[in-house]
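What follows is chain A paired twice: with chain B in the first complex and chain C in the second.
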Partner chain A sequence: MVTAEELAYGMERESVAKGPLEIFEGGGQVVTDRDDRQTVGEPFVDNPRVSARNVNVYYDEKHAIHDVSLDLGENEVLAMIGPSGCGKSTFLRCLNRMNDTVASCRVTGKINFDGEDINSPKIDVVPLRAQVGMVFQKPNPFPKSIYENIAFGARIHGLARHRYELDEIVEGSLQRAGLWDEVKDRLEQPGTGLSGGQQQRLCIARTIAVSPEVILMDEPCSALDPIATAKIEELIDELRKQFTIAIVTHSMQQAARVSQRTAYFHLGDLIEAGDTKTVFTTPRHRLTEDYITGRFG
Partner chain B sequence: MQSTTLIVVLLALSAAGFYMGRRKAFQVSGNDIRTLNSLPSYYGYYTAMWCGIPALIVFSLWSMLDGRAIMAMATSSIADSGVSAQEMSLVYSEVLRFVSGSTIGEPQPHIVEAVARYRELQDTSNAALIVIVLSIAIAGTAFALGKIRRDQRVRNSVEAGVMVFLIACSTIAIFTTIGIVLSVLFESIRFFQKVSFTDFIFGLEWSPQTAIRSDQVGSTGAFGAIPLFAGTLLISFIAMVVAAPIGLMSAIYLAEYASARLRSYAKPLLEILAGIPTVVYGFFAALVVAPFFRNTGGLIGLDVSSESALAAGLVMGIMVIPFISSLSDDVITAVPQALRDGALGLGATQSETIRRVVIPAALPGIVGGMLLAVSRAIGETMIVVMAAGLSANLTANPLEAVTTVTVQIVTLLVGDQEFDSAKTLAAFALGLMLFLSTLVLNVIALHVVRKYREQYE
Partner chain C sequence: MWCVNIVSSMSDLEHTGQRAINTVYAGLGRRYAAERRFRLYGMLAVLSGLAFLVVMFTSIISNGYSAFRQHYVQLTVEYDESRVDRNEPAASDFEGIVKSSMREMFPWMSGRSDKRKLYGLVSGDAAYAIRDRVGDNPSLIGSREALWVLLDDDADMFFKGYVTPVRRQLMSSGITLALEGEKAVLTGDEAAFEVIVTAVRDHLQAQLAVARKEFEDMGRLLEETEAGGDRDEVVRFKAKLESLRMQISGLQARISSTSLNEELGSGMPSFLINLDGVYIRINAITATGVSGVVFAEDVTGLPTIFDQWQLVTLEMPPADRRLSDKEIVVLLALQDRGQVESRFNSVFFTAGDSREPEQSGILGALKGSMYMLIVTLLLSFPIGVAAAVYLEEFAPQNQWTDFIEVNINNLAAVPSIVFGLLGLAVFINFFGLPRSAPLVGGLALTLMTLPTIIISGRAALKSIPPSIREAALGIGASRVQTVFYHVLPLALPGMLTGTIIGMAQALGESAPLLMIGMVAFVVDVPQGFTDPATVLPVQIYLWADSPERAFVERTSAAIMVLLGFLITMNALAVVLRKRFERRW
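Up next, the complex of A and B:
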């Protein structure tokens, strides 16, 4: 049994040493043709929290996501990896309709959350985004106090009727984001004055404060140093107990460390999805293998 | 005419110097310009500078000083005959009149003599000027050409020359400003010798008519500036009440809601408002808006004066809308998209995002824009001259006529005035106060705007 870390670091040499994919023995199909773009592996799970079916995304004429079907399982961390520009962010942003804010963007297909298609006109994005929160690549605290940053969501959704309720929400969220001890004495100071890693945890706390069910993270550590990154990864592992998490990352080590399932995107196609260990040790698609062995991207 | 020719000749010589310097550089390099310290054209500029600049300096000093020197020499015999200084200045102006031929009649013999001498000296001076300037130019060129060697670091000399030139230009701008400020300051001090400073600053009555002859009845003049500043504030306040919300709202619409296409039409259209000459706004205010208010007021039984603070303030407000909207639009668009995404991602609606995140983040910049607009409104003259009236009422009623600092400055100085009466000097004192208040506003505004800029960089 190897740990995720060993897996991540040892992966490259190991799978090259193993040679071509023909030795794969887990059953199921193996795709050696790089031009074959159908999804292999296990994109679906038994009790999905979110399930996307045949999702296509267009930016004006540009077809950015091709017919992607993928599930997010309850209380799991799904990592999305792939070379940059392959559409990871675009797909992630479909899941809470953040693409609505891009005028040129058009999304088709079904994305089921709580038994309803979030793309249907009946759905109101305000409660949807409260339930499906988002953490961005660059920490983006509001230029307000730390307290007000966390209280923001609670205020706009009317979650607290009294000041003490608001205080509880703020303290609870900061505690769950592992930031409380660092900031409890300076809640009135601006959130923009924190370090990069603290800012990102503040943004996570801000998202948690509105009690979402799903948290989407778009490369949350790409602007952070290794120590701050380690803290966030720890936090993600902790949050998994209560939330369903989808994380985009450009670091395969990170994907191996924090996720249970991994999805590999390539030029707008979902190439392979499945159990993280399986995807990294015995990829079934030639393109996935190329990517995780460092031959591509 | 003659000096124009001389300058053209100098320029031509410099151009020739440029080519000679460049050619010399090629020669000393043995046709391999890589062995030169600088590019050949720098040697050209170097030569041209040595040719033109010393000659130009001598030329301008000469032209500045020669008139006075010639006059002194031409009239020296008259001065020696023991005439008082005052009479001498009469002699000077008479000689000048005859020299320029702008007078008729028979001059006195000593004047005729001085005029003849003056003409003679002037011809000599002109001839000398040409010779001296041209020889300096040629000497400079020769000097520069003589100094051209391979390792001559002309690039540095040329850069230094460029820097000196730029310093000279900015010095002119700065010294002009300082000169204006000082002259206003000194005239104001003269005013405060006639009217006490506290009477001016705290006086409640403004009627600047003073008796010209001591036996005239009536006004001794009252120079209390309070009514003027009150009028200015009232009108600026009305203007901001109109412009601040409209400007800010239209900026928010343009920055956050409008499609790129609409924005590309609407923004320039709004900015056209800033290009309308204020005199046009002025007669619009006086001929359209003010009568409209008077008539409407009459219909509902209000007594609206035909020149009202309301009309002037309203039109001035329309004038400053583009200031506010375009500055606010800039600061709102400068708020990073990431902040909007953060708020939207938490489920905030667009207007919540704007109200709770974008505007607070942009607020310092918006306030700065408003302050700039206020200082613009305070200094505005044309609209108030035409639409606000001249009567210095101390009132807060926008339906009455009021007057402003700028209007009073205009009326104090229009027409024939003695330049040392308290009435005229009052204009300088008012100007000084106006200058100080807009200066303070601008400093605060710029400070606020700069502070805001630092936040995201």
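Up next, the complex of A and C:
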């Protein structure tokens, strides 16, 4: 049995050992053979919590996501990796309709959650986003007190009828986010006064305070130092028991450490999806292999 | 191309063995010099701005500070039963009381026009003051008391030194007084009247200089005309030249004569001699002394020899000032007796406008401005903020919103008088709202300030980082919740700034208000939003347009009040902004 860490280190060693790049041919042109872009591996699982089918996303004319089909299993962590600009964030934001806020963005395809297509007009985004929470790349606590940061979600959704219920929610969320001991004496102080790692955990606590079922995380550690990152990773592992998590990361080590399944995106295509260990140790697609061995990205 | 250059220069560096850092050092001096230069320009700009500000403030304050004090005169008021009606005090002849009081003090002001001048020295407000006094204390009827009342604005101006410079000199070379009916003849040695003699000589010299200049000009004109050959003209000019020559020689003779014998005309400064409280105005200067008129009722008891006396020079000639010598003598006599006092000008802060400067005040305009700003604020702030929030946060991006946006931006550039016309046409003519009312003014100015508030409000909303919106939306807040709980509170300080700018603009605006009749002469202090009123800038304009000297200082004082209002408003905005900002 290899631990996630050993796996990550092993991959790095391996990447050094590999030969030179072969992906660019004929004066730097990227291979564009469409057949080459069929998803390989196991994008689908039994009893999915969220299942996306034939999702296409367009920013005006730009076709950002091509026909992606992918499942999120119950209580699993799905890592999405891939080079910058390949559409990981775009796909993630489809899952709670955050792309609605981008005027130029258009989404087609089906995304089933609780047996209903979330893109259908009769779905209300407010309850959807209460069930599918999101943690952003840059920690974005509200410029209000720590307490208010957590309490806001519970309050707008009417989860607490009394002050003590609200207190309980705040304490519980902060405890689950591993932040309670650090902030319990300064709940009235601004959330923006915390360190970067603490802010990000505050954002996670804020997300879980409304008791979502799915949590989407878009590179939650990219603005953090290694120690803060380690804490968040621990937290994600802990949260998995209760939530279904989709995490976008540019760090393959992180993906290897925290996720059960991994999806590799490339220029808007879902190239490969499957068991994390399999994807990292025996990638089935050449592009995946090139990426995880550090040839590009 | 540039890439080749870099490569070649890199290799240059390598060839010469120079390090890049040396090049950096070589250019460092120039860089710092540029920086210093830029700082200097910046400082110069700031300093020149400050200098203008200082000049403006000194000019306004030096012109206006005197308006905050006002001179009062003490009258002995007799609440005579023949004048004050016990049953109906309001209908009494209070003016008569004032007049008789003045008459008693200065019986020598006896002619019709002299009397009118005498009464004119006290403000018309005196009668109202007496009326109020009797109204409050009916028991006073039948008695007499000393009462301080307002002086007329001209008298006030005199005591503030704006009518004429007054020079008082204590003379200690003895003079002798001889009375020949109305006329007083004063004799003394040369030193006694030296000041007057010198002044007369200077005056004659000035006349001489004018005549000489005229003579030269005429001579040149004559030469030109002779060359032109117009006979009649030549003859006329020659005659004129001759008369000027005569005038000059006459003046020269008068100046050089050892014993002057001149009348003092109204083009010269006035000389008053104060003999123990009795004033004599000098009319003529003779070889042995001076002669003049006595301004006093009874001079029989006056001694004939004075070792010490006072010479009072009114340097502005009577022809050039609003008060005659007699009026000034009255005022000086009142001052000598301690019956004139300078007090804080409370009228200025408690009265509305008036034709009489001493009775006019700023309160009417101040309240008018306040009522108008309240209307403007109550309408433009909520509407402006709502419009900004809708356009920025909720409106779909389409041609309609583009069209609206362009129009709002254009509206901000529309000359303000147009809003006045609009206000006149819509609010007064169509809706039939009253003219000159702060309500209508506020409505018109709302139209003017709305674009400012909307534009600054949208800028404030735009400046809120999208991450805050995403954070709220991401946990399921609706758009309204996102905006009202998170975005708006953060944008509010910026919106307040815009609102204050708009309000300050509205406070200083006069053009649109002229159109809706707020330029009217309003005496009463407005008590509500629909009372006729004027506003501070219009009041300033009205006063600046008035000829009376007293309105000049009131203009500056009103400007100070306006600036004070503005500064208070801005301070309030800063405090509000600080309060909102403290919530991060």
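The rule we apply is simple: the second predicted complex is superposed on the first by the 273 of 297 C-alpha atoms of A that agree within 3 Å, B and C clash if a C-alpha of one lies under 4 Å from a C-alpha of the other, contacts with A are read in each partner's own complex, and residues count from 1 in each chain.
Heads up, the rule we're going with is that a residue touches a chain if its C-beta (ideal position, glycine included) is under 8 Å from a C-beta of that chain, and two chains touch if they have at least 3 such contacts.
Please read these numbers as outputs of a predicted model, since none were measured by experiment.
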* In the superposed arrangement, does A:Lys138 touch chain B (first), chain C (second), both or neither? -> both
* Please indicate which partner A:Ala230 is in contact with in the superposed arrangement: first for chain B, second for chain C, both, or neither. => neither
* To do: For A:His157, decide between first (touching chain B), second (touching chain C), both and neither.
  => both
* Report for A:Ile123: first if it touches chain B alone, second if chain C alone, otherwise both or neither. => neither
* To do: Please work out whether A:Asn96 is in contact with chain B alone, chain C alone, both, or neither, and reply first, second, both or neither.
  => both
* For chain A, which residues belong to both interfaces, chain B and chain C? -> 96, 98, 101, 103, 125-130, 133-134, 136, 138, 140-144, 152-153, 156-157, 192, 203, 206-207, 210
* Of all residues in chain A, which touch chain C in the complex? -> 96, 98, 101, 103, 125-130, 133-136, 138, 140-144, 152-153, 156-157, 190, 192, 203, 206-207, 209-210
* Structure fact -> In the complex, the residues of chain B that touch chain A are 259, 336, 338-349, 352, 356-357, 360-361, 455
* To do: Could you pull out which chain A residues touch chain B in their complex?
  => 96, 98, 101, 103, 125-130, 133-134, 136, 138, 140-144, 152-153, 155-157, 192, 203, 206-207, 210
* Asked: Which of the residues in chain C end up touching chain A in this complex?
  -> 397, 465, 467-478, 481, 485-486, 490, 583-584
